[in-house]
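After this come two complexes, each holding chain A, first together with chain B and then together with chain C.
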Partner chain A sequence: MRWCPSLLLFGFLAAVNALSSSGNRLLVVLEDAEEKGSYSTLWGDLEGRGYNLIFESPKNEQLSLFELGDRAYDHILLLPPKSKGFGPSLSPKNLVDFMNSDGNVLLALSGKSTTPSAISSLLLEFDLHLSTDRSSVVVDHFNYDTLSASDKHDVLLLPRPGSLRPDTKNFFGGEGVLAFPSANPHTLGDNSLLAPILRAPTTAYSYNPKEDSNSVEEVFATGSQLALVSAMQARNSARFTLLGSVESLQDKWFSATVKAPGGNQAETANRDFAKQLTAWTFKETGVLKVGKIEHHLAKDDITVEDLNPSIYRIKNETVFSIEVSEYNYDRFIPFTVPTNDALQLEFTMLSPFHRLTLHPTATTANSTIYNTAFTVPDQHGIFSFRVNYKRPFLTYLEEKHEVTVRHYAHNEYPRSWKISGGWVWIAGLWSVVGGFLAFVFVWLYSVPASSVAKGKSKKMQ
Partner chain B sequence: MPTKRPSATPSSAPSPSPSTTPPTTLLSGPKTLSANASVSDIACNVWNQYLTTTPQRTMLLDAFMAFLVLVGGVQFAYCVVAGNYPFNAFLSGFCAAVGQFVLTASLRMQTSPSGSGEGEGNKSFSAAKAGKVVGDRSEGVKDGGVSHERAFADYIFGSLILHFFCINFIN
Partner chain C sequence: MQWWHSILQLSLLASSALPVAASSWGFADATVSVQTKGAGVGAGLKEQIPSNGALSTPVPLGNADTLKIVLTSQEDKSAKSAHQVFLLLQDPGSGLDISYPFSVKGNGKSRVELTWKDLPTQFLSVSKSIDARILIGSFGSSKAYDEPAFQLSLARGADEPVPTFEVSRYGKLPEIHHIFKDDAQSPPIVITLTFVAMVLATFPILAGVWLYLGANVCHLSTAMKSAPLPHAAFLGSLLAIEGIFFLYYTSWTLFQIIPAVAAVGVVTFISGSRALGEVQGRRLAGLR
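Then we have the complex of A and B:
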C-alpha cells in the first residue's frame, strides 16, 4: 500500500517528463487500419515520448478537430489518403483553422498514389506547390538504393540535412543516411515563413510514372529546386511540416540496409530523423520561452521599486535584461543564440533609436539571461523596449514593453558655473553689470559744475 | 573742468545764459590746422579737440561704451575660438554687452550737448517747443525735450531689466 502513491507519482512524473511543450493529444489520420501495423515503431516512439495517440479514419463522420469551439487535439499527423480526400472534417479550411488555434500538423505524402486536389489546395494555402499532375516521384540516377530500387531508381539516399543558413540552429542533423522511397516532391513559394528541411540532390528530377514514356519531356522541377521535407511556421508559431515520403516512416525503412551506387552498405537513420521531425513539428524542440524581463537605471543598489519603471528621462543610463529558455524534448534548457546570429533589443519610437545586441550574462538551470546597457536617446516621447527574434525553426519571440521618456526637469540641468566653458561669458556679463554700477556711481558724483552754478544763479534770480 | 564748460554751454545755443562764449570756441582747440596737415596731425587735432570740447559726463559715457565694446569683442572672439557650447551663456553675456552699449548710446544721445547738424536742428526745435509749452525752459531740459534726470532714470530702468533677463538666462 505504501508504494502505491509513489508509483502513481512516478507514473505521473514519467508522463510529465516526456511531453511536448504544447500538449500530448495527437490525432493520427489513417485511412487503412491495416496500414497501422507497418508504422508500429513510429507509434511506439511517439507513445514513448508521452503522446496520447488517437487513430481515426478520415471517413469517420464523428471526427471533429474542434470541440465546443476549442481544439480537440493538439497535433495532427496526416497520412496520405487513398480516396479523393480527407473528408469534410479535415477540409483545408478546418486544418487552417486548427493551425490558427495553435495546432500543429504533420502531413505525409506518397508518390505511389495521386495526391487529392484537396491536399493540393491545402498546400497552396502555405505556398507549397506540388506538380500539376500531383503524382510525381523523385528519381535520381546517382543517389538511389541499389538493393531495393536497382531498376526504378526511386529510393533516394540522402545525407542528413545540414543547417538551413549559417546562422540557424540545426534540429535535423546527425550521422547516417536517409532513405526516401517514392517521394512526392514539392517546391517552395517565395514565403518567409517557409523553410526547407531536406532538399533533393542536384541530380534528382521529378517524374510521373503513370506516363508511359521513356523520356521525360516536361519536368516540373529538377535538382535542389525539389524539396522533400519542408516546414512552415505560421505567425502564431503553429507548425506545419510536409513530408514527401510517408514510406520513410515505415518500420521497413527505419532499419533498412541500403547501398548507394559505388558506396558501402549502411543502415538508414530514418528512425532518428523521424523522431527529430515529429519532435520539431509537435513542438518538442525549437520552442522559445521568455521569462523575466527587467529594465532599470544603471546603478548599483537596485531595489524592487527601481525595477521596470514606467518613466525614464532622456540620457539616462539604462540596463535591460531578458531571460530566454528553449524547450528540448522534456524540459527547458538555457537558450544559446546560434553563432553568427544575435538576439537584439530595439529601443523604438516608430523606428528604432537603438538596436543593440543582447549578450548572455548569466545562466540558470533552464534559462539564459541576456543583458545590455545603453543611454536613452535625447528624444522624449513614448518608447518601447522591443525584442523581435524570428528565425526559421524557432518559435517567434516578440516582446514589447512601453515606457515614457521625459525631458529634463528645469532643475536637472547643471548650473551655469558648472560648465567651465561658459566662465568667460559669465565673467563678461558680470563685468558689464559691475561696469554699469561703477558708471552710475561716477555719473551721480559728476554733476556738472555749470548746472550747479546755474541752479544757484536761478535761485538767486 | 571750467575749460570744458564753455564748450558745453554753446550747444544749448539759444539759451540766454550770459556766461556763454561765442561759438568760435568750438573751433578753438589748440590751434587750427593748415590745409595740408599730416594724418597724425589731424588725428592729434581731433583727439585734442575731443578732449577740450567734450563735457566730462559725455567722456564718461564714451569710456563706458569703449569698455562695453571691449567686453563684447572679447566674448565674441572667445565664442569664435572656443565654440559656443553653453550657448545661453554666450547669448546672455554678449547680449548684455550689446544691450548695455545700445542703452548707453541712447543715454548719450539724450544728454550729450554737442551733436550733428540734425541734432542742432532738433535742439532748436525742441527748445522752441519747450519754450512754447513750458514757457520757462528749465535748465535740465535738453535734446528731445527730456531732462537729464529723466533720461538717466530711464537708462537705469532699462539696464536693470536687461541685467535681470541676462542673469536669469545665463542660469
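Then we have the complex of A and C:
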C-alpha cells in the first residue's frame, strides 16, 4: 500500500507530460529555411506528439546549446548542412557536451552533397565511420525503386528492420517497405554502445557518383556491412541516431508509391518509420525505470522492519525483488523482458557469487515486479545486490545495493550434543566430573586398608 | 489439334517476349581456379562455372592458395563492362556477407583474386563451406544477375589452428550459482558409540581397581556423627557446582553462572574447611 501515492503521482505526471520522457524542447537545425516546407508532415507529426519545435539556422551566431551552463534544448534534430559544417555553436565538442548532459541527437545525412569533415569527426567520436571521400551513395541494382530511380538505382527499397538479435526488442518493425533515396552509408566500429537499426541489402554497395568510372573496383564497404540507420546509446543513456538519408523524411517519400524490380507497387512506410525513429531517439520508447527494490529474508510474515536489512548472515535464504517500468510514447507500461533475454541479479563481492534470472511475479498498472530467491553464499564480507541490465535500444539500468554478510554468531551453530562426532569428548568430560566426585567421596570417608585389616584381626582375636 | 497449336504459339510468344521486355546481365567464359603457391602453372584446380548455374563440388582454398575467377560480363549475350561485378561470399550460418569487386576491363573481361588474407576472421573460423555468388549489375533497366556460383570450403591443414574472434556486446550472461563448501561430517555413529563405550568403561575399571586396593567408605558414619552439617554442605556444594556447569553447558550464560558459582563457592569454602578439619582430626587420632 505504500506505493499507492507514487502510482497516483506516476499517472498524474504521465497525463501532464504526454510526450517524451525527457523533455519537449526540440531544436531543429536547418540551414535553408526554404527546405522547411518539404518536411512539413514530419514537423506536424512531431508537434502532434507534443514537441516544441525551435528552428534555427547553423549560421545564427546567437545559437547556443547551453544556457547558464544548463541544456537549452532537450533534443536536437540536425539536417545536413549546405556549407562546410554546422558552425562553432554546433561543433563536435559542443554536441558531445550536449549528449554528456543527457541530450539526444538525431543527425540526418544525405548522399547528394559531400558531408563536412566536422560531421565526420563528430561521428568518429561515436565510432561511426563514413567513407573517406565522405560523398558516397548506396546503390543496389536489385532493390531499387523502378518508378523514381530507374536509371540511377539510388532509391533503395528495404523491408522494415527486424530485431537486431534474437534477444532484443524490435522498436522499428512493422509492415510495409521503406524508401531510402540517395543514402549516405556508414560502417560501425566494434563497440557495444552501437547498434545498427537498418542495414543495406546484401547486394548493395557504395560508390562516389562524382568518380567517373565504368565499374567500381575499390569499395568502402559492401552489403550488410553498410549501415543506413544506426544508433549509439551513450553510457548515460543519451541517444544519438545517424540517419543516412534525410530525403527519406520528406513529405514526398512519406507517401510515395514505389515499385521494386519484379515487384508490385507499394506505398512507403517512411512516415511510420520516421515516427519510430524520432520516438526512440527522443526517448519516447525504450526508456526503462526502476521502481521499488526490496530484499528480505525468505519468511512468511514480513513487516516493514524486515525489509532491506543492511546485514545478512551466510546461508540465509533471501528474496530480492525489483520493479521495472518501460516508457511507451506517453506513459509507463509494465516492462516485459524480450524473449531469449533475461533480467539478471548478481550477488557480488568483487565478482559475482550468484547470477540469477529475475522472474516476473506481479504486474501493476505501469510496472512489472521481478523476483528471485537464493541462499546467501558461505563467504562473509561486503556484498551487493546488483542489477546491471544493459541492452541495445533500452536505457541502461544499473542498480547496486550494498549489504554486509556476517558469519554465524557463536550461538547460531548446532549444539555440541547434536554432533555425533563430539559424543566421545562429551562422555570424556562428564566421566572426569563423575570420577572427581567419586574420588572426593572415597578420599573423605575411606579407611586405610591396613587399619581395616587390623580391626578385623583385633575382632578375630 | 487447334488448341494445342495455340498453346504452343502462346508459350513461344511468352518465352520470346520476356527477354525483349527486360534485358538482363549475365556472364560467359567464367572459370574458377585455385593456384597453390610454389606449384607449377597449370597445377591445381580449374573449373568452368556454368552460366546461371553453380559448381556441384565445393572449391577448396588452402592457406597458401590463391583463388582466381575470370569471367566476361555480358548484357544480353554481348560482352559489356558492368558497374558492379562482385564476388559475394556469404556464411550460411550467420548470414554474414562480404563482396569482392572484380577488376573490370572495358570489354567486360573481369578477374578477381582471393587469398586467406583477404577473408575476415569471421569467415576463417567457419567450419562449413561458404556460399559464393556472382553479382553483375549496372545502372539502367537491365536485370541484374545474382546467382550462386560455387561453394568455397577452407582447406585447413590438421595442424592449422581455427582462428577465434571475440566480440563484446551487451546481452545476458551465463547464470552463476555459488558452490557451497561441504557441511562438516561426523564419523559413522557405530565408531562414535564404540569410543563412547570405551570412555565409559573406565568407570567400572576405576571402581574395580579401587575395590581391589581396598577403598571403602567406612568412616562415613563417623564423619556424619562428628560434623554432619559441614560434610553434607561440602558434598552438596560440590555437586551444585557441577550442576551449575551442566546448566552452563546446556542453557545458562556466563553472567548467570558467575553469581551462582560465587555463592556456592563460599559455601564450599566454609563447609570445606570444617569438613576437612574433621578429616584432619581423624588423621591426628590415627584413624587414617
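What to note about this one:
Please note the rule applied: the second predicted complex is superposed on the first by the 401 of 461 C-alpha atoms of A that agree within 3 Å, B and C clash if a C-alpha of one lies under 4 Å from a C-alpha of the other, contacts with A are read in each partner's own complex, and residues count from 1 in each chain.
Going forward, contacts are C-beta pairs under 8 Å (C-beta built on N, C-alpha and C of every residue); 3 or more make two chains touch, one makes a residue touch a chain.
Keep in mind that what you see is a predicted model, and the values were worked out from it rather than measured.
The wider contact with chain A, measured as residues touched, comes from C rather than the other of chain B and chain C. When both complexes are overlaid on chain A, the residue A:G421 reaches chain B and chain C alike. In the superposed model, A:Y205 lies in contact with chain C only, and not with chain B.
Applying the stated contact rule after C-alpha superposition, one finds that A:G223 touches chain C and leaves chain B untouched. In the superposed pair of complexes, A:T257 makes contact with neither chain B nor chain C.
Judged by the touch definition given at the top, the superposed model places A:S431 against both chain B and chain C.
Of the two partner chains, neither chain B nor chain C is touched by A:N60. In the superposition on chain A, no contact is made by A:N236 with either chain B or chain C. Annotation: chain A residues 419, 421-422, 424, 427-428, 431, 433, 435, 440, 442, 446, 448-449, 451 touch chain B in one complex and chain C in the other.
Residue ranges of chain B in contact with chain A, taken from their complex: 1-2, 5, 8-9, 17, 19, 55-57, 60, 64, 67-68, 71-72, 74-75, 78-79, 82-83, 85-86, 88-90, 92-94, 96-97, 100, 104, 139-140, 152, 156, 159, 163, 166-167, 170-171. Looking at the complex, you find that chain A touches chain B at residues 413, 415-416, 419, 421-422, 424-429, 431-433, 435-436, 439-440, 442-443, 446, 448-451, 454-455, 458. Of all the residues in chain C, the ones that touch chain A in their complex are 81-86, 88, 90, 95-99, 101-104, 106, 110, 135, 137-141, 143-144, 146, 167-178, 180-181, 184-187, 189, 192-193, 195-196, 199-200, 202-203, 206-207, 210, 213-220, 223, 231, 235, 238-239, 242, 245, 275, 279, 287-288. Put simply, chain A touches chain C in their complex at residues 139, 141-142, 146, 150-153, 165, 167, 190, 192, 202-203, 205, 207, 214-219, 222-225, 261-262, 315, 340-342, 344, 346-347, 352-357, 375, 377-378, 390-392, 419-424, 427-428, 431, 433-435, 437-438, 440-442, 444-449, 451-452.
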